[in-house]
Structure formats: C-alpha cells, structure tokens
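Two complexes, one shared chain (chain A), two partners (chain B, chain C).
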Partner chain A sequence: MSPAEPLLRIQGLCTRFETDEGEVPAVDGATFDVWAGRTTGLVGESGCGKSLTALSVMRLVPEPGRICAGKLLWHGEDLLAKSAEEMRKLRGDRIAMVFQEPMTSLNPVFTIGDQISEVLRYHRDAGRGDARRRAVDLLAQVGVPDAGRRVDDFPHQLSGGQRQRVMLAMALACDPELLIADEPTTALDATVQVQILELLARLQRERQLGVLLITHDLGVVAESCDEVVVMYAGRVVEVGSAAELFSTPAHPYTAALLRSVPGRERGRGPLEVIPGAVPNLSRLPPGCRFRARCDRAISVCETVDPPLEPKRAGHLAACHAPVIPP
Partner chain B sequence: MTSEAPLIEVSDLTVSYPVRRGVLSRAVERLKAVDGVTFSVRRGETLGLVGESGCGKSTLGRAVLRLVEPDRGSIRFDGRELVGLAAGAMRALRRRMQLIFQDPYGSLDPRMTVAEIVGEPLAVHGLGRRSERNRRVEALLAQMGIERDALRRYPHEFSGGQRQRIGIARALAVRPDFVVADEPLSALDVSIQAQIVNLLADLQRGLGLTFLFIAHDLRVIEHVSTEVAVMYLGRIVERAPTATLFSRPHHPYTQALLASAPATDPRHRRVRAPLGGEPPSALDPPPGCPFHPRCPQAFDRCRLERPALASVGAQHLSACFLAPPGTA
Partner chain C sequence: MTGAFLAPSSRGRVWRRFRKRWLSLGALGLLGLLFAAAALADELASDKPIAARVGGHTWWLPNLTRPLELRADTVQTLRARLNRDQGDWMVEPLVPFGPYQTYSGQSAERPSAPPWGPDSDHPLGTDEVGRDVFARLVHGARASLTVGFVAVGLYVLIGLLLGLLAGYYGGVLDAVVSRVTEITMTFPTMFFILAVMGLVHVKTLVPIMLVIGLTRWTDVCRLVRAEVLRLKTLEFVQASRAIGASDLRILARHLVPNAMGPVLVAATFGIAGAILIESSLSFLGFGVPPPAPSWGELLSQANRYLTHPGAWWLTVYPGLAIFATVTAFNLVGEGLRDALDPRQGA
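== the complex of A and B ==
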C-alpha cells in the first residue's frame, strides 16, 4: 500500500567537521529512503553518524560541521536548496523530531501546555484558547492521564516517560508527515520503553506517519521497524527490510552485531565478539572501514572502499565479500 | 563447587537517605532506598540484580561494600560482620571487595596515567614495592588486552571499551574475592559489551571471583548470572536460579519485565498489552504491595497488606500473594 515515491530521499549526503586533526567525514555518502506509513530504523554504534544524518535532514548540523554534498529530496524538492525561513516553516510542521533526553529538550521555565501551544501558535496562527484546547487534546492522545490538569505542569513535575509523551504531543501538534525520533526510549526503563514504542506504532498507523527511528538497540529495531539502514564509521553499509536483515544479513558487520547480542541463543558460553574498535574518522585507512575487524576480508578490501549496491532483491550492502545466506 | 558456604550474606539490610521537602526545606523525611533486603552469594558465583531506575539496586551494591552506611541489617563477608566494623579493620577487608563502575568516563581521574590509576589501589593498600607494583600493573593490563604502550597515556586517549577494561584492571589489582559490578556495560556499544562480558567471565573462571552484577538489561543478566534477584521500590520481589526465573517467573512484575524485553527477531514480534503506569516514588510508596497499582492481577488483599518474600518452589522466592504455579 506504500505510495510510489518516498517521502524523503537521502542521496549521497556528506556532513563534515572541521577539527584540529583535519576534516572528519562524520557522514560520508549516506543514501536511503524514508516512506510514508513506514518506520525506517537507522542503527549503528556511537559515532557512526546516525544522529548527524538526522540533524542534517533537519538542517540543524552544529558548528563546526557542515553539509558539503548530497541531496535531501523532500517530495522531490531538495531541502538543501531551501532558505532558512523555508526550513523554519517545515520544521515542527511537516517534519518533526523528538530526542533522547526529553528533559533537555523541554524548556524548564514554561508549562508543557505553553510549549505545545507555541508550536500551534507559530505554525498554525492559533489563538491562545484554541491552542490550549488542542494541547489538552494532544496530551490525551499520547496517553498523559488527566491531561486537563497536567497541561499546567512544568517539565520537572513529570516522569521521564511522561516527558517523552509530551515531546511526542509537541511533535505531532501540526500533524507532520515525517517524524524523526532519535533514541526516543534509550533513557527510559524497560516497562516504560514498551509503552512508548507501542504508542509510536499506534500514532504511525493512525496518521500514516513516516518515521525515521534512530537507535543503537537492535531489540528496538526488531520490535518496530519495517526497513533498516545500518551505518558504520560514517557510511551506510546495509539497507533492507527488517525481516530479511535479521534473518539473512549481507554485511559482515550487521551479521556480527546480531550475533553479539546476548540471549539469541540460550546458554552461558562466550558471546560472539567483534574484535577491535571503530576506526578514528580523522585517520581512516584506505579500502573498507570495517576491514580490520572483519572475518571475511579479502585482498581487495584493503584498497577499494566497497560501494553500496544490491546483493539481493531490495537488499543493499557495501561489501566485497558479503555473507552468503545458508 | 556450589556446596560451599556463602562468601557474602546480607540480611534485612535497610538504607535510607534524608530528603528535604516543604517550602523552606525544613521538613526532613527519610527515603528508604533499600528496604529489608536479604540474600547471599556463594563463592565463585554471580548474583544478578535487576530492576528499573530508582529501585535501589545501585544503593544496595554500595551498601554491601559499606560505601554507604546502612540503617540496620547485617552484612557478613567470609564469616565476618561488616556492619559496625571499625574503620581500620574495614579498610583491610576492603582490599578483598571491589567495585566496577558504570561510567568509564567519570570514574577514571583524567590527570592520572593508566599506570598510576591501576597502581593506586596497590599503593593505598601498601602491597609490594614500586617495582613489583609496576610489574603487576603491566601484567594486569596485558590480561585485559590493553597494549603495553598504554601505561603512560591518559584516560581521554582511550575508547569507552578500553576505559572499562582499565577500570576492571584497577578493581582487580588488589586481588579481590568479591566484586560489585554496577551496570558495567550500559555505557558501551553492543559489540563492545560482548567483549567485556566475555572478559568478566574469563576472569571469574580464572580467579574464582564472586560477583554481584547489577544491570537493567535482562539479556545480559540471563547470560552472566547463576542466580537472579529482581528489585522493585527498594525490595527484592523475586529471587531464583537463573533458568527458573527466566522460564517460570512467579511475580507479576518479573513477568512484566520479561515481557518488556524487546524481541531479537522481527519475525517473533509479540502483540502485547504493556504494563500501565510507572514505578512509584519511594517517598510515597503505595500501601499494601508496592506493585499493586500496576499489577494486572491485584486483588483486595494486595491493597492492604504487603506480601513477604516467601518460598514458591525449590530455591525460588517471591513476594506475592498469588498461589505458586501448580498449587492453586
């Protein structure tokens, strides 16, 4: 039932940081699509560039970073060609974002009602009373109990889970088409994490939202994503459907990551380990960035950085020696 | 190997903190972070302690080492009572009990070299001459998989996983018998977590270490523990050997925690009704069973009376009025 065109088409996105050690290619040629009514998981370990990819889409890359190449096609129009004013109109309206730490993204000196209302007043020119009524309604929709009273609470009066619900209410205020959620459940407890993931799934179904879900947790991906994009050291290394990626990963990094999660096989034997650590982005070796940690590396991996290309139908990987399905 | 007497025996341990409330912060109340906890760990085994944030698991871990003073209760380490032990005697025993921290960034002094960090506990406890200490530090770091040239470098030059290895080397420098590991993996990436889990398992086998392993991640707990204790609002609500707890959880909270663990495969997604609500504040614990406001199976008695931790099977304790399986 998906439409023929993706909501967002990221093509060859490069975001670099100018540092004392030279240029750091934090996002290097990222290419993937996000569809309406589907959840795309963007996974990888810390420093792989996943959060920066999201900030690039919002055109909110912090200094001294800058987007230096690529296209961000939103309904076919390049976001990189838009003026600052046009971006401000899109952000919070058509494209919304929620972050990992709801406490640092909420303003501590305004009530949550004021903060949700502000979105509606800015983007929808809503009157004070109308905006407040909508805020109560939104809080009820995201499952904040007793919304009529909680609307006057300050952020510190709420628990972590409730704050994340408030962030979602604010993000959904203008009925966006795309929601970018950066580690939305990482700071939450297990029983509360499930509540937020279920809420996200319900909102997406009801509103046909496109969701870009950024996480380091493969469990969260297995639980809630339709498509998965795996990043490693600034590169997209694998793209595929969640079902296929978990059952037959093509990139050795994805395969090793899946094997290293405890609990996939019962027992207390040693866990599978990816040896070594992620390379320093300012001193990248030639060839494939994962080569030094890879158990399938061949000689070509030392010299040629593998391009992201189809390995099976609808399943892309950047690897010279992909894992062959059993 | 498991028939030995416990290395550590904790009974009725209670720890509270003063909390100021009211307009002028005059009203002082006590927040019970740990409330009447009893457990023991046998030599060479691992007790996994699991629970959500604020349940008191970290306070319990520190209280067992007497890094925070308990209000009451008893901690016996290798047959000796620690509560009320004089400072000098405690210091001598402390060499045998060490702590591994969650945050490999905040727990290493940024102005000290790796050699100084790992060697410091040896110096504090006056173990060996300088040259012997240096040899011990080198050997330890080699055991942790840290290169030799790391000795003169500073913590900021290392990745999170390497820093955690340095923290582990520091804890093990004085050859402890008992180690409290407080969320040692949660600041690390998945691929690095597996390295540290394996390292700790090797060290336990090689050195006969006894662990109290604190974590919120059930998959990690299941992998490393011999026995598991589940905490909720300052109390242990269920305790059982690992296989029993994961295959036949008795307490509705344990059942909810297990059901909350994400799937490891998108083909096995479960449709589920998540547990409602959130853990209550320890300052305003609900009457009766502290879990009853969230419990899908609560009945009248649960609202009035607090269930004690009682046997529901072989080596299996649960603080719940529901009948053990097979007896109803």
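== the complex of A and C ==
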C-alpha cells in the first residue's frame, strides 16, 4: 500500500558555498523522492554532497552555504517557502535527524534523559515527569538495557553504540514521519553497526517511518535500503531500487563503485579502484563530471552534461553511455 | 575529554582532582574560614554581647538588633551590671570591641596614647585612635569580599554575554565586540577608578565595584568567545538545532554550561585582583569612607608608624590578611584550572 505522494520530493535542489575563490556548487540539481515506510539510501564518496543534501532538507546548511534553487516538497508543500519559525517547529517533530558522530552529538553536561526530554518539552509541552517517563520508554524501545537507571547517565558513561541509540531515541521522541540518518554507523565498529541498522529497520517497520539513510558504505545500502540515490560531485547520477541498482547498475560510476567493494569476488588480484579523483567543484569542466575517470566516455561526454533520465522503468541515470546489462 | 566542563557530568571528577592538590585544598579551607569570619563578624568582634539577660531583660543578638535600651551599654558596662545571683548571664563575642569603638580604658601597663600593642583586651592591638585591630580586620573582610564578588560577578556577566554573542553570531557583531574588548583592555583600572572617584564624589564601594566590573570583563569575554567558537562546531549544537531548538535555547542550555569551566577559573583569579585593587584604593584613602573598616585603610594608618618601630601590628596583621586572602584565591584558581584541564589524567 504505497501512498500516491512521496513524503518528501526533492526537486532540482542546488546548494552553493560562497567562498573567496568563487561559488562552489556542492549540491547541483539533486532530484529524488523519499517515501513513507521506505528507506532511501543516499550514497557517494566523501564530498559528493550527500550530507549537504540532508542538511538542506533540514534547512540547516552551514555558513557560507546557501540553498539557491529547487524545491523541497514536504507533503506537497515547499519547505523552502516556510518561515524560520515554521521550520523550527518541523525539526525534531516531523523531520528528525541522527548524526554521524555519537561521541559529540550529545551535550556532555546533561544526562541523556534530560536531552531526550528536551525534545518532548520543546515540541509537546510535556511536563517534567511526563517527559522523563517517556524518555525511559524511548530508551527501552531503542534497546538500551536498564533504561530506568540509564536515563540519569551522562553521555560519557555510555559506549558509542549506546549513544547512537540515545540519538535515535531523541530523534524518535515526537514520532516523526521522516528520519534523516547521516552516516549513523560510520563511527561504530562492525558488530555494533549491524545492531544499529537492525534497530533502525525495526523502528521503521513499526512506525512506517520514511528514512533517508546517508552512507558511503554499499554494504549498509544493500542491507537496509529500498531505493538508492547515487551522487557524484554534487549531482545525482543514478536512482533506482536497491535490488536493480546492485544487479544491473546503469551509470559507470555506480558500476565502478560496486566493483571496488572488497570481498565480492575474493582472491582475484588487487582490489579495484576508480582511477583519478573527484573534480574540484569550483572549477568543473564542461560535460559529464565523471568523464575523466570513466572508461566508457564518448565524445559527447566532453561537451554535454548528461541529464538524469529513465534508462529502464523506475531506474534513472545521468549518462550518455550507460552500462548495458549483459 | 569532558573534563573541561564544570557541569553536573564532571563535578565529581573535578572535585576528585582538586582534592589531590593539598595546597589548593588548604587555600579553599582558609577561604571558608574567611567567609565565616566575615559573615559572623558581629559575633566575633562587637561591643554588644551575642545574647544577655541583664536586670530581668533578655536580649538576643543585640549586636545586630541594636535595641535602644542598650544603646549606651558595651560589653564592659554590662559586665559591671551583671548580677549573677539574680540569674543574669551574658554570652560575649570573642573580642568584646566593635570596629568603631574607641577604647579609652587606661591601665598601668598601657601608655597614655594609642596605638596600643596586643594584650589580653586587644589580641591584635589597636589603631591610632584606640579601635580594636581584630574587630576592624574581621569587619573589613566584608568590604574586601563584597568588592571581590560583586565586581567579579558583574564582569563575568558582561563578559559572558558579550563573549557568547560574539562567538555565536560572529560577523559584524563579533568584530565590534572584539574591537571594544581590545580598547577596554588598555584601560588602567586603578587610575580609571581614581578619576571616577574624583568626578562622582560618592565615597562608597559602589563606584569601585562598577568600574572594576565595567573594565575587567575583557578576559572573560575572550575566553567565552573562544570556547563558543570551538563548541559551536561540535555536533551536539547542530543536533540540538536539528531537534528544533532556538538560538536562545542553544546559547543558554548548550553553550553556557559548557563554557563555564574556564570562566570560573578566571573569576577566581579576578576576585584576588579586585581585592587587591580595593585594598590599594583604601590605602590611598580613596576606598571606603571613614570610619568604615577596610584592610587597606588599616595599612594606611600603619604608614605613619613605619619610621619608628612602634606599631608593627598595624602593618603585619592587615598585610597578612591581604596576602593570605589573595594567595588563597590564586591557589584555588590554580587548583581549579589544573583540575579542569582535560589533558590531566582522571
């Protein structure tokens, strides 16, 4: 029972940094949807604009960044047209976010119970006692053992995995519709990573959450995403269902990314890498941004920036010479 | 890492580390005694008893309530009227002289004119008009501590506010605050106060405290600004924005408590500085109005007796009081700084 309208439709989002050396288009025309009850993975290498896309949705782009074009349709209403006050009321209430660094995402001077309660007191006008009971409840839901006692712990008394659970509890306190998780497991070790992802999946099923999961870990994507959006140098280069994207990637960049995941074809020589580096965003060459690193580049790639268009049903890619499935 | 914060999460740890420094701990104890002495000055040195029953009347704390019936009486006169057979009793202060009382009791071992040296009546001697040095020291502690705490409280408030705004909002505001800070830093507080005193003709502690408060906030401001610049890049500030917290809430709840550690250290050193300024001004005669007691004012009396070896107690005791207090505040500040230093072990 997939709803007709996406929870969040990002249309042509452009976010720029105005630096002394000129404008850097860190996110350039990003377009994709996030649906209720589904997980959309946003992948790409460092600096490709994943996190900035997420922060743009929250309208928390750090200085000197600016959202300069596009629409963020939240239930059909443009978030960019909302006032700062309206936006503040949405944050933490309807749209929640979990950050990468659980070690620094909690205020060291307050107990975790305080910090979870803060959200409820803020958006729900909850009383002290109510908020605390709810905090214990939430901690139990995110799998913090002995929540009744842990609620009075300070962040430094918790492990990284537990802190990330606390962050999740904070994010889920007001029962949001959309959860943006910015590399929620990157700072955790492998076993804890699996636990957090499982927790995320369970919470999503239980609450019909829309999740935007930002990661550079393709393993995480394969594990937990329904749709995948691949970004490269500020652009969305491929959008499709996780299953299809992994089996038959259309964009050479996605294909190369998949080939460079270790352990897929064990013991067959050295690990494959994508040659070259991400181009400097402030001095982009004309044509396709991936051209210089692409083994399929043709002459048109040098002059025309490929638009994001359907290559198969429900599968979009921005490429003049997409990978043809065997 | 969290050791740099003086907030519930680290209070225990900071105290554990502070406790290990016996010198700072001793200094803290000394300051405790000093506070107690200042608070209980009327019980330690007063010309009225703490409590007494004389001639059928019972008075509690007449040294505070100053009842009319006892206006003319002192501990000495009451001693004479005390009739123990009729159930009279009296609880005397440690030293039965107030800070303003000139004692004219002549005796064989006392030369005719004050200052008189320490004896059984005046454990620390008297000043040049016969007022008890101990009484004036204990009561003078109030002036010193009041100046220290009010002036520093004022400048911590100013510095905290300006530092927070400059660090958090940056831009033009930061530039303006930073320039004002740099200009203010060049003001010589001491001479500024002298100039102000010359203009306003109010001989109380108020202008002293105001001027110290208005000129010494620069260090706190710079500390807070630097802390906020560091803290605001941490993810928890962004995270609290992501839960919909307003700027005011982020400032008050997330930045202030985290920036308080270094401020507290600066404030402790600042109190020592303010006490020194007050003492210096009183020494010069620009401090508390006479006959109000102050450590600096006691020292200024001693000035006249330095040339011949007469009244050493007028130099030594107030000097010791200033020295011990300033040193104690500095030691506590140092201990606090080390205890808050995140680079030190747990």
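The rule is short, and it goes like this: the second predicted complex is superposed on the first by the 325 of 326 C-alpha atoms of A that agree within 3 Å, B and C clash if a C-alpha of one lies under 4 Å from a C-alpha of the other, contacts with A are read in each partner's own complex, and residues count from 1 in each chain.
Here is the rule we go by: a contact is a pair of C-beta atoms (placed from the backbone, for glycine too) under 8 Å apart; a residue touches a chain by one contact, two chains touch by 3 or more.
Remember, it's a predicted structure, so these values are computed and weren't measured experimentally.
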{"item": "Partner chain in contact with A:246 - chain B first, chain C second, else both or neither", "value": "first"}
{"item": "Touched partner set for A:324, first chain B, second chain C, both or neither", "value": "neither"}
{"item": "Contacts of A:89 with chain B and chain C, given as first, second, both or neither", "value": "second"}
{"item": "Contacts of A:159 with chain B and chain C, given as first, second, both or neither", "value": "first"}
{"item": "Chain A: partner with more touched residues, chain B or chain C", "value": "B"}
{"item": "Partner chain in contact with A:4 - chain B first, chain C second, else both or neither", "value": "neither"}
{"item": "Partner chain in contact with A:261 - chain B first, chain C second, else both or neither", "value": "first"}
{"item": "Chain B and chain C contact sites that coincide on chain A, given as residue numbers", "value": "none"}
{"item": "Residues of chain A touching chain C in the complex", "value": "58, 60, 63, 88-93, 96-97, 99-101, 104-111, 118-119, 122-123, 154-156, 167, 170-171"}
{"item": "Residue ranges of chain A touching chain B (in the complex, touch as defined)", "value": "45-46, 159, 161-162, 189-195, 198, 216-223, 225, 242-243, 246-247, 256-257, 260-264, 268, 270-275, 277-278"}
{"item": "Residue ranges of chain B in contact with chain A within the complex", "value": "52-53, 159-162, 189-195, 197-198, 201, 216, 218-220, 222-224, 256-257, 259-269, 272, 274-276, 278-279"}
{"item": "Partner chain A, residues of chain C touching it in the complex", "value": "1-2, 5, 7-10, 170, 234-236, 238-246, 249, 253-254, 257-258"}
